[in-house]
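Labels A, B, C, D, E and F are assigned to the chains in the order they are written; within every chain, residues are numbered from 1.
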Amino acid sequence: MLAKVIFLVFGMISLALLLNLWSLLRGPSLPDRILALDTMYINSIALIILYGLLMGSPLYFEAALLIAMIGFISTVAVCKFFLRGDIIE
Amino acid sequence: MSHLILLPILLPMLTALLIMLPPVHHSPDRRRWLSMASTLLLLVMSVWLLSQTLTDGVTFYALGNWQPPFGIILLADTVSVLMVCLTSFLALGAICYGSAGEDERGSFFHPLFQFQLMGINGAFLTGDLFNLFVFFEVLLIASYALLIHGGGKNKTKAAVHYVVLNLAGSAVFLFALAILYGTLGTLNIADMAQKISAVPAEDIMLVKAGGLLLLIVFALKAAILPLQFWLPATYASASPPVAALFAVMTKIGVYALLRVYTTIFGEHAGPLAGMASAWLWPLGLATIVLGAIGVLASLDFRKLVANLVLVSVGSLVCLVAIGNTAANSAVLFYTLHSTLVTAALFLVADMIALQRGKAADRLVSARRVAQPVLLGSVFMVAAVSVAGLPPLSGFVGKLMILQAVDSGPAQIGLWSVILVSSLLVLIGLSRAGSTLFWRVSGQPANEDKAKPLQVFAVCWLLSASVALVAFAGPITALTQQGAVQLADIPATLSIILPAAGATP
Amino acid sequence: METLFACCIGFLTACGVFLMLRGRTFPVVVGLTMLSYAVNLFIFASGRLNLRGAVVLGTSDNYADPLPQALVLTAIVIGFAMTAFLVILAIRARADLGSDHVDGKLPGQKHAKREPRQ
Amino acid sequence: MQHWMEWAVAFFLLLGGSFVLIGSIGLVRMPDFFMRLHGPTKATTLGMGGILLGSIFYFSLSPDSISVHELLITLFLLITAPVSAHMLIKTALHHRLQAIERTQGEQELKRGQAHASKEGNRSGNTDN
Amino acid sequence: MILAWILLLPLLGTLVPLLAANWRRSACALATAIPPAIALMLLLYHGSAVFAGETLRYTLGWIPLLGLDISIRLDGLAFLFSLLILGIGLLIILYARYYLSEQDSMPRFYAYLMLFMTAMMGIVLSNNVLQLWMFWELTSISSFLLISFWWHKSEARRGARMALAITGAGGLCLLAALLLLGQITGSYDLDVILASGAVIREHGWYPLVLVLFLLGCFTKSAQFPFHFWLPNAMAAPTPVSAYLHSATMVKAGIFLLARFYPAMAGTDLWFLLVSITGLTTLLVGAYLALFKHDLKGLLAYSTISHLGLITLLFGMGTDLAAVAGVFHIINHATFKASLFMAAGIIDHESGSRDMRKLNGLWHFMPITATLAMVAAAAMAGVPLLNGFLSKEMFFAETLHQHLLGSLSWIIPVLATIAAIFSVAYSMRFIHDVFFNGKPKGLTKTPHEPPRYMRMPVEVLVVLCILVGVAPGYVIGDLLQAASFSVLGGTVPEYSLAIWHGFNLPLLMSVVALAAGSLIYINRKHLFDFQNTLPGVDALTAFEQLMAALAKRCQQFYNWLDNGSLQRYMVFVLLAIIVLAGAPLLELDTLFGGRPELPVDAVNATGAAMLLISAFATVVFHRQRVVALLMISVVGLMVSIAFTRFSAPDLALTQLSVEVVTIILLMLALFFLPHKTPKQSSPTRVLRDIGLASMVGVVIGSISYAIMTRPFNTISDYFLANAKTGGGGTNVVNVILVDFRGFDTMGEIAVLGIAALGIFKLLTRIPVFKPSSDGEGRPWARERHPLLLATVAQSILPMALMVSVFIFFRGHNLPGGGFIAGLITAVAIILLYISQGVDWVKARMNIEYQRVVAIGLLIALLTGLASLLFNRPFLTSWFDYFKLPLFGEIELASAIAFDLGVYITVVGATLLILASLGKMTTSHRPTHQEPT
Amino acid sequence: MRMTPRFSWLPTPYRSLLLFVIWLLLNQSLAPIHLLFGVVLALFIPYICYRFRDPQPLVERPLLALRYILRVFADIVTANAQVAVLILGPVHKLHPAFVRVPLDLQHNLPITILAGTVSMTPGTVSADIYPCTEHLAPDEPLPQRWLLVHVLNLEDEAELIATIKQRYEAPLKEIFKC
């Protein structure tokens, strides 16, 4: 049963990722795209965790942790870029 | 196991790091002296290593004590160590020239210079293909940084082209490496040589694709037509000591060609043997022709010298394509000669440019140089040597090239191209020399005299040209030995991979 | 799976190459980045694909080829260093030459001219 | 016990997956940027929490190990998600993105935009 | 060894004038003369042996590999030439002492002259053809220096360059010929080659060799059609002309003809090529000489003509002709050297060489005039002078050959015509200069030269007369010995008597003298006729040719290399397509037999996202920020792919590098335009798409082919030894820090160097600092958003904690120094982003380049530590320790190495990003501040 | 309100505690070696990070803080459920709005926590805090600050403001005693 559930969740997350990609491509504004990208980062954490479940291996955890910890930095950097142009001033 | 072979790589690295740290870091003089002293030490050590290699034959050094083919090895044979000696000899001249003031025109000159040496020596010594890539990158990134030393529009512009092309080259290198690893399952050059004879027939073409991709990489580094476009602008715009050091960079490409295509794709490689020659031969000839044309077309002297580099590269590539012992021996000798002499020419060009005021090294009439006798003499010596005229080393090199080819159509092609290009080079150089020194406008010469260290540097490099002739007998014997050793793959394999059986 | 993977590598390469052929520095940088993704995947693929392999001893009985992974790591780092250098060089070129064209001047323009400041 | 845990895992995973999906659906469905922002910041974060809980339970199924480090991911997400949202909305204000017409508090939006893009003079911003 | 000194002494003599540079002029000249004088004595010392028919040899090994030895061979011919070179050389030294003015650098002149003398001696004494060629080229170089001695004169520079180009070209032909000869005979030894004449002549390459050989000779000896460089070399100081164009340089070609006579001559081809060239040159030179108003010009063409004569003699192929040739070499050297010197005296003392101005000098310098007249008479072939004798022999030989069959009569006729002109120009030389009224428009009053300046001329003229009167006594032996070596043993009977009775040659001489006088008297008509012909100035023509060549070269070069990086890239890509694609076409099937893994929906989705985002990056590449967002999706998907295919280390690295790259690119975009203008034409885009897709197809196919093939690799060794040999269970990490730690050291060095380079790039950079974004919006006012700042401060310790964790687990589980370093760096960068450079700098003022250096040093020293234990560099060490209470812990040297990696990465990343960020900290233009 | 730490070697005790927990979570182990290492790191890292921290009020009521955290967690779950319904429900029925909440808090850390909480809980996202104070001179008095909030579906503005102020701001004021 669990395997089926995992695959179902896989499907959900894949769908979510595709939706993210769609809004990334669609825009229309730049903040929309950044938002989509940010969401995509977070959703990919879910994907990686699920891979970990599927494989039964804890080795995937660090990748997820890394995205959670520093993934938002690129979002912040892009926003800062739009706000101030220079992200390190 | 002697650790001596490590020194050409680690000594420059250590020097670079020490220069970046206190107490050396803050004093320009300390940086200079440490850098020069270390380079001198490097030269002594490389010569020592050479003498050791001559007595011991091929030896290897297993880094981390992991035996080949699993670990990375450094390979000391006559060819690689000779190249290291060449590099350190050249570097001493370049660093002395740079220490006369050029080094203060930007930051980190000495560390970058030493890193570059590390990369070059590493590329010469390594016996592992991926490690070769790493050292290529070391020397490339250092060269990118050195290229912009001193600043200026021309350098920036040249650097953009140089960097982008070489990055593309690096990507190709990685593709090639992956293909070779994916088919042969190893990274050690000797091990590849051994495994290539056992490649299943359906994989042969993949190996060939990988090997030919490597050819692109090395051709790009060596600046073979049509991948030579980056060279003239890069060499002509680089700061003089850097340009002098760059003189050995194209030779690394040639060396890599020599190493890879004799060791991996040598005669034992069955259907893959000599696959590069078919490409190298015509392209090498065309490179010579293009270089000669460029010599005539050049409007400033440094560009002319850069084109001379092309001529020498073309000749070397033709020799690599010929691939017999005589040719390989000629490759070694001609590399020694052409590297040092073109390096000297770059330095001479700068000394001339500095004294000619605004005209710099452009081939137009300008004020007279302040030290006509000195500069004229060094120019003359360098020009005679590079044009392949007697009595300096160029003519020995040219004779070796001409004698290396067996009779037949190849002979006609090579001879006519070499001889005609020699003539064009001669014409171009005589034109350049007479313009630079003799077509003077009325303005008085300015007072900027060349610094003693600069003069020493040039004389140091040119003395090599004299020495190469004076001791041509022993040196050609050395290069011959190197060529024989290079071609003797079974012997090398039996040393590196004794367990695996020596017959490839 | 291999077909799909190869298609991805090929497509990434093509996109990277196309961008590298553009005339401005920034697309070239982006193209190079893309190309290095392709290269990394390519090297990785040279160790063959393995869905359930491990590279940590003791976690599985089926091991992936660790060597290409190590090579890719090296390649990533070197690629990063190179990209960084190129990016800064692009800034420098724009500042020095007045244009972000890779040749430092627009095609057909004889000499580099400063672009009007924004 | 085992069985119960499996159910829990399944429940949390499904819950998480649904919320993740809902967050992304919100991203696509909502009519303006400000409304789109809500889905990913909230629903997705919760969804992640669900999936991570599922993972914790799953790895704790085997007797000899417990897995709690997924909590860290949740922690980080909780810290970072508001910041991303904040920066994004600031950018949107700066870019003067228009909210849909029925949005109330138009003057607050205007004020926010004016503040963000420095158009008003310095002293004008310190009123209210 | 004494033989070697004959060659060595002039070489050492090159240095003498340089060392004596500060001496008085006479002393300098004297010192310079000593080495050649000694050499001459040594030569004469060997005279008896040579006259006895011996060939003296001396060999010293030099470059055995090339067959190039220092090898000296003194036989009759070499002796003769050495005598001329040293003897006339000594006279020239004396002469030049007076000729050169105070402004000319005498040491330099003498040094060049001695260098040239060495080169000539080298040619004539060589017993190794490669050595011969070496000296041959040296003459070209040294003559270039001599001709251009007065470099400030344009014609001197150009003349010298032309001479160098022509003789250089000839030299290269000669080299080819000599190398071919060496291949034919199997030796570069002259003895061997001369002894293998039959082999050479019958060899298939003989025509080629001969043509190349003759090209070398003819260019050097100024034979038609390569004669034009010689008159233009007259821009040299007269001593140079006297030396080079009488006895040495131009005779080198003749010498070669004589030297290789036994090996090459005796075929019809030889006869045709050599004699016809000689004959043409003889006629052309003689004819043109008459019209030259410049004294030296006249002599130059006369030289050409006489060289043609000698060449013709060697071309005729009979033994007697060869003897006559040798004889004329001697005679021409003596009278032409003296004539040049006389011309120099005239020039020196009257200030002009123009025969239209120089008239009636007899009154001013009677002695010189007498000497010149004697020498000119010798040139004209007046009896009782040496020129007459060899000319008689020449006439006789022209009559005795039948090689042209029924047309053979034409040769004596043409020879006579040439002789007629020879007489005419000789008369012109005498009459126009010394008589014919008074000088016109001279700047100074002519007078006799200093005593010793005239002496060399006197010596030579006396020789002319002595040879002319008593040839047998004076040079009989010498001629005999020289002919002996030219002919290789069999010297024919010949008579050196002055009087052979009334015969046809005598008649020809008489005709020549009479007709010559007649032509001279009626020269006005001929001059008028000549003036109607279009005159071509060889020098201008040559310069134009060279300029045109250079221009063509430039055009070609610029056509090929238009300075466009895009074109260069295209070549690289084409190379990839051709070189990597061609082997693929030979594959029957790409599929290699390894079964494919199944595709599931999730993987397909991932792949689709990768492809779409890659495509979107291309589509959006003009909007740079969007492209950046798209490519980060690509990066994300690649990382996920790495995760999927069991490479967690790669995923971690890729992710962290990804973030740093994006920050970097954002930083960069501030200084770059935000949009890419549309520039490529549709065809260009189409071409690029074509190229790109071809490259993609090639790479993709190769990748597919590799992946589907079974495979043996060395990796099993790593799996087997990671734990036992490297002390870690994460094999990838063990490979990185242990098995292939050297790679990693290089890799972090690259990172460090890149950081240094970037720092270097950013120093003193003149930056654009846009005051608003691409859409014209001014920047937001708030620099450091509050929320971000606060969160960044709290993230930092956690990130450090995580990076410590990642660092330590790296050896056994995914992680390691590199990733840990990036996490730390990113956390600090976040501080930079949220708080700005000044804020961070106030709290942490570290020079990052030093951090980089320390990191690299740690890695290096860790590697070196193993040397202390006499293990190879980077040999790792690890062990397990039992601690009370805490249990077993592992310590490994790899940790120290990884620490170096960590520090380097932190330092390099911060150095890159922070120095980029630092650029704009001060004086940021804002909307409100006036810019 | 206290701004300066009690011990110079332990400037931020709660942060140290948090790090210690993180360390144990990361290692998923209570082995003595990990405990030891965790203590060392939990002391050392905050010590070196302290300089990278602007002066902030310190937590004075830890238990209250814990209660606050738990309450926020509960709110997140419920609020998210609501938002999920809103997202899936008919879009045209939503009443988005911008709302301005006056802030009593003055310091950055509490404001940040408040803003974060608001973003995570009931259909609101904190959009901006203005006016920004970074251009003020150090001795200038802080102006009244506002939190701009975007609400996905506004029912009653006053009630929302009151909720935020009472449910979240008031405890924060208490926790930091400011």
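The definition used in the following text is that a residue touches a chain if its C-beta (ideal position, glycine included) is under 8 Å from a C-beta of that chain, and two chains touch if they have at least 3 such contacts.
Protein names from UniProt, one per chain: A, B, D, F = Cation:proton antiporter; C = NADH-ubiquinone oxidoreductase subunit 4L; E = Monovalent cation/H+ antiporter subunit A.
Values in this document were obtained by computation on a predicted structure and should not be read as measured data.
Under the touch definition stated at the top, chain C and chain F share these contacting partners: E. Number of steps on the shortest path from chain A to chain F, with steps defined by chain touch: 2.
For the pair chain B and chain E, chains touching both partners: C.
Closest to the middle of the protein, by Cα centroid, lies chain B.
Most remote chain with respect to chain E, judged by CA-atom centres, is F.
Chain A and chain B have centres, each the mean of its CA atoms, that are 48 Å apart.
Inter-chain spacing, taken between the CA centroids of chain A and chain E, is 61 Å.
Between chain B and chain C, the centres computed from C-alpha atoms are 28 Å apart. Centroid to centroid, with C-alpha atoms defining each point, chain C and chain E lie 39 Å apart.
Within chain D, residues 18, 23, 25, 37, 45, 67, 69, 72, 76, 79-83, 86-87, 89-90, 94-95, 115-116, 125 each touch two or more of the remaining chains. In chain A, 17, 30, 34, 59, 65, 69, 71, 76, 80, 82-83 are the positions where the chain touches two or more neighbouring chains simultaneously. Multi-chain contact residues of chain E (touching two or more other chains) are listed as 563, 565, 569, 628, 644, 648, 669, 699, 706-707, 711, 713-715, 718, 739-740, 743, 747, 750, 753-754, 757, 761, 770, 772, 779-783, 785, 787-788, 791, 794-795, 798, 802, 813-814, 916.
Contact between chains, using the touch rule, shows up for A-C, A-D, A-E, B-C, B-E, C-E, D-E, D-F, E-F. Chain E contributes residues 601-602, 605-606, 608-609, 612-613, 616, 625-626, 628-630, 632-633, 636, 639-640, 643-644, 648, 651-652, 655-656, 658-659, 662-663, 666-667, 669-670, 770, 772-773, 779-780, 782-783, 785, 788, 795, 798-799, 802, 806, 813-815, 819, 823, 826-827, 829-830, 832-834, 836-837, 913-914, 916-918, 920-921, 924 to its touches with chain A in the complex. Across the interface of their complex, chain C is touched by residues 563-566, 569-570, 573, 594, 596-599, 603-604, 607, 610-611, 614-615, 617-618, 621, 624, 627-628, 631, 634-635, 638, 641-642, 644-650, 653-654, 657, 660-661, 664-665, 668-669, 671-673, 676, 679-680, 688-689, 691-693, 695-697, 699-701, 703-704, 706-708, 711, 713-715, 718-719, 722-723, 729-732, 735-736, 739-740, 743-744, 747-748, 750-751, 753-755, 757-758, 761-762, 765-768, 770, 772, 774, 812-814, 818, 908, 912, 916 of chain E.
Interface of chain D with chain A (complex): residues 6, 9-10, 13-14, 16-18, 20-21, 23-25, 27-28, 33, 36-37, 40, 44-45, 47-48, 51-52, 54-55, 58-59, 67, 69-70, 72-73, 76-77, 80-81, 83-84, 87-92, 94-95, 97, 116. The part of chain C that touches chain E in the complex is made up of residues 1-15, 17-27, 29-30, 33-34, 37-38, 40-42, 44-58, 63-67, 69-70, 72-74, 76-78, 80-85, 87-92, 94-96, 100, 102-103, 106-107, 117-118. Per the touch definition, chain A reaches chain C in the complex via residues 55, 57, 59.
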